[in-house]
Amino acid sequence: MDFMPAIVAFCCENSAFRAADTAGAKQEGYPSNIKICRLPCSGKLEINYILRAFEEGADGVFIFACHPDSCKFLKGNVRAQKRVEHTGALLEKIGIKKERLRFFYLSELEWTKFLDLVQQGNESIKGLGPCPTKVKV
Amino acid sequence: MIIAEQKEISEIINMVGDHRKILVIGCDTCVTVCLSGGAKEVAILASALRLAFRVQGKQVEVNETTIERQCEIEFVDSLESMAKDKDLLISMGCGIGVQTIAERFFHLPVVPALNTKFLGLPEKQGVWVERCQACGQCVLDKTGGICPISRCSKSLLNGPCGGSQNGKCEINDEIDCAWHLIYERLKALNRLECLEEIMPVKDWSTSRDGGPRKMIREDMCL
Amino acid sequence: MKVGSRLETLLTQGEFVATAELGPPKSADLELIKKKAAILRGYADAVNITDNQTAIVRVSSIAAGKISLDEGLEPIIQMTCRDRNRLAMQADILGAHVFGLKNLLCLSGDHQSFGNHPQAKNVYDLDSIQLAQMVKNMRDEKVFQCGDEIKNTKKSEVIEPRMFVGVAANPFADPFEFRVIRLAKKIKAGADFVQTQCIFDLPKFKEWMKMVVDRGLHEKVYLLAGVMPVKSYRVLQYMKKNVAGMSIPDELIDRMKGAEDPKAEGVKICIELIQQVREIEGIRGVHIMAVEWEAIVPSIVQEAGLYPRPQIQ
């Protein structure tokens, strides 16, 4: 059977969350294996949210933030990006490929791009296979 | 406050070795404020360790807790119930915290997750700087409130060495020349004459050089 | 006279002195010390023996100083505060005296992060001013830093180490206005002579010297102006960029760049500087820092009109 990765997407409610909502309503290839976590701003993202997602069985974690200079809270998006970079490095050190963690900028209107990104992301995570944390002990 | 920095995760994993039941212990005081060993960092480290061991295929139980102050035995006492079935304690406190836990839980190994760095303050978000070396004999009254012991790379007491340039230390541009700062402050205070006095050879016996230190206040002893 | 070293004697005679520098080898190479000493013999009234300069391990300044003395030089032992605490310093000062060494230059020392052991623990038990004061007190008060008399047993006679005390001064470091205060402190601490950081920026040096003379400091201490021959413009560029507390005018870099024979030009600049600083009120000599280029010193001394060196009267 084909491997279907479990993916958690943290979405800013001011942009990607709405784009995801629109994409879902259009019923045009919205992947069923994506779990959306709504954030009041991508700046609310904590390193631990990402780690916990992997602990709970995610094979990939995607972060969607507003475009640079478009953050409702001014710098939440760039701060999120820095945190994602830091977390990527930490994941590598504990044996999880940093490619399992992806960061994207997206606006509310870009619902087709949202679909493209998650589909591409989905494929790349499929390519990586199941996250090594899921190996039965 | 005490400033500390988390060790590399690989070093912490190595310290865990073959232990299987671990408690990661945070501290709500200094290391929480310097973002290295508070409840948030405990959650991250515990989670990262669980993931790392799963990747390695090892069955390791990692629990977490954070106490008010690791440097006081009364607070460390409260770890008793959580610690009793563990085979390793990981302290995310400063070096004092690690030792207090070691003293209290004599038969349980405790390892440090942090490198304790210095006594200082946050200069801005994410940046901490040293301000005191606990030399045991404060000279700040003579130096315009700027400490040459901790802030001059050579702990000079009688002015800047020949390497002071544009207000920066010879060792790198990131470090302010303490004596330049002292000069500017004393000038502003109209007290430049302080600099003409030769500061005598320092008595380092009140510093670490006098051996491990102890303070006793008879009036406070019970 | 305080010590009667050759350096002190010539300065007291009123001679314009010339000192040079001998960098001990980074290996246990006795012959190299002798070779360098032979080059300098007769061309410098005294020679600084550097102490782990730029924080790189070398033959100790006292050992190299003793060899230099035996080879006919008058050594000035450099001592940094970086590598020794007060016990080691005083032991070495006693040792230097026992070897017949008579001049000591008190320095803070380059930070160990510049050298080949950046992970070393530094000492800085004393600073250079406190060191100068200690050396002077050992000589004049005949006491150790702790206050004890310098004698072997209670009944023994006092035999104190007698050093002609030198210090460094950097007119080009910051804060500029503090530099003269610092020199005054060094003199108050007990400095007998001063060697300056190497001068490339003559106007700034003159400005500093004016402040020195205004305070009358030139009458309390023998001031020797530091000069350095350079082999290429790259050396100047490097120092300008990487050595803290240096002032190097761009014109000088351009002049070296444009030179057909840069080495000859470097020597020429050095000689010009010697002649110019000689004219400045309060300058009692020059200190020629030919770092790892000891061989050039004789021709600089000759061409600057400083040869032959004066004799003790």
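We just call them A, B and C in the order they show up, numbering each chain from 1.
Heads up, the rule we're going with is that a contact is a pair of C-beta atoms (placed from the backbone, for glycine too) under 8 Å apart; a residue touches a chain by one contact, two chains touch by 3 or more.
Not measured: the values here are computed from a predicted model.
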Busiest interface, counted in C-beta pairs: B-C
Centre-most chain, if every chain is reduced to its averaged C-alpha atoms: B
Reference subunit A; chain at largest CA-centroid distance: C
Rounded Å distance, subunit A centre to subunit C centre (Cα mean): 65
Distance between chain centroids, defined by C-alpha means - subunit A, subunit B (Å): 36
Between subunit C and subunit B, distance of the C-alpha-averaged centres to the nearest whole Å: 40
Multi-chain contact residues (two or more partners), subunit B: none
Complex interface listing, subunit C residues touching subunit B: 81-82, 86, 108-111, 113-114, 122, 124-130, 133-134, 145, 168-170, 173-175, 177-178, 181-182, 184-185, 188-189, 197, 244-246
Subunit A partner contacts - residues on subunit B that touch it in the complex: 8-10, 13, 40, 43-44, 47-52, 54-59
Residues on subunit A engaged by subunit B in the complex (per definition of touch): 46-48, 51-52, 54-55, 90-91, 93-96, 132-135, 137
Of all residues in subunit B, those that touch subunit C in their complex: 153-171, 177, 179-180, 183-184, 192, 195-196, 198-202, 204
